[in-house]
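Below you'll find a set of structures to go through.
You will see chain A twice below: alongside chain B first, and alongside chain C after that.
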Partner chain A sequence: MYFGRVYVSYKQSVLDPQGEVIKSGLTHMGFNKIESVKQGKYFEIKFAAADMEQAKQELVKMIEALLINANTETYRYDLKELED
Partner chain B sequence: MYFGRVYVSYKQSVLDPQGEVIKSGLTHMGFNKIESVKQGKYFEIKFAAADMEQAKQELVKMIEALLINANTETYRYDLKELED
Partner chain C sequence: MKAAVIQFPGSNCDMDMMHALQDFGVDATLVSHNATDLSDYDAIFLPGGFSFGDYLRSGAIARFSPIMDAVKQADEAGKTIVGICNGFQILTEAGLLPGQLMQNEHPGFLCDEVKLNITNADTEFSRAYPTNEITLPVAHGEGRYYADQATIADLEKNQQIVFKYRTNVNGSSDDIAGITNQKGNVLGMMPHPERAIEAILGNTDGRKLFESILDN
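Here is the complex of A and B:
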């Protein structure tokens, strides 16, 4: 079994209104040294695959098929094999 | 300047309907070896602090004040100092 963690965030050029709202909220709560806040998405996926190489390929396919909008979002991931 | 990355996910005992929908979607698209999908949130925060110890404390305060719902969510983070 493989365990992938996927981190999705907006591309640099894309506005992130949720992040701005959170920054504003934190600033009003007294956290006044914040330069920026970006909000993204995070996924944990457990799945079976023959080996690490196949697992990587499957994970990238899943990410690009459903988890991200390639126009506005970018991602990174890490992947490990789970002991059963 | 410090750069914190915060990963928020549901606690084990909490239902994650979005994750279930994504799992179902991926399965219908032919990814049929998925055991589970969990969806969470991901934040990137840049902020100033006097030193790493203070940065850690500030980040944890921000997370617990606004970023998570402690009843249903759990988190982890990593934090590094940025070269200016």
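Here is the complex of A and C:
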């Protein structure tokens, strides 16, 4: 079994209104040294694969087919094999 | 004209669209998102709402509904396809229209009437309008049209932009409220023409859109 953790974030050029609102909230709370806040998405996926190489390919396929919209989002991931 | 109105789980403007089409004498049928064949229909309407609860991204899950293969075939056959609001979001996620609809620039759900410019009066969706300035209802939280600069330049060059906000209410790139594909048979727009067809409800500016489609 493999365990992938996927972090999705907006591309630098894309406005993130939620991040802006969170930044404003934090600033009102007194955290006044914040330069920027970006909100992203986080996924944990457990799945079976023949080996690490196949697991990597599968995970990237899943990410690019559904988890992100490549118009506006980028991603990074880490992947490990789980002990049985 | 035989029209299909696609009903996704979470669609909520499906009956408004049925009502509007029937008002124009169109033989309209509600079709489940689980159906796989649209060959009987001349025009396909993807209504507004919150398909699949807008989970992940608006339209992102609906794009995998069985009906979407039939919608793509209808596009290949050059049939008329109209996505309103959530329908527009689904068409972009499905790749039938470029770009993406994102959260409004200013936080919150926007429910209002907005003034629009018709920026291409020579489409099968806008031909019947005698004026370039109209007003239509909008109701969306994720209506900010986004596309990169190269895509926007292409849209402008190919005259694919049909409607622009006169005042940019949601932060859309290039003030875009509605676009067609390059062939001109697929329209996606955030404003709701189907909610503006009866004088008793205060606005009839949506009527000419349906008249344009029926004139083809």
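Here are a few things to note about the model shown:
Operating definition for what follows: the second predicted complex is superposed on the first by the 84 of 84 C-alpha atoms of A that agree within 3 Å, B and C clash if a C-alpha of one lies under 4 Å from a C-alpha of the other, contacts with A are read in each partner's own complex, and residues count from 1 in each chain.
Here is the rule we go by: contacts are C-beta pairs under 8 Å (C-beta built on N, C-alpha and C of every residue); 3 or more make two chains touch, one makes a residue touch a chain.
Since we're looking at a predicted model, the values are computed, not measured.
By the touch criterion defined above, A:Val21 lies against chain C but remains apart from chain B after alignment on the C-alpha atoms of chain A.
Applying the stated contact rule after C-alpha superposition, one finds that A:Ile34 touches chain B and leaves chain C untouched.
Judged by the number of chain A residues each one touches, B leads among chain B and chain C. In the overlay built on the shared chain, the residue A:Ala48 is in contact with chain B alone; chain C does not reach it.
Legend: residue contacts after superposition of the two complexes on their common chain; A:Glu58 is shown touching chain B, with no touch to chain C.
Contacts of A:Leu66 after superposition on the shared chain: both chain B and chain C are touched.
Across the superposed pair, chain B and chain C both touch chain A at residues 66-67. By the touch criterion given at the top, residues 56-57, 60, 64, 93, 99-100, 102-107, 144, 146-148, 171 of chain C touch chain A in their complex. Residues of chain A touching chain C in their complex: 13-15, 17-18, 21, 66-67, 69, 71-72. By the touch criterion stated above, chain B contacts chain A in their complex at residues 1, 5, 7-9, 19, 22, 25-26, 29, 31, 33-49, 58, 61-62, 65-67.
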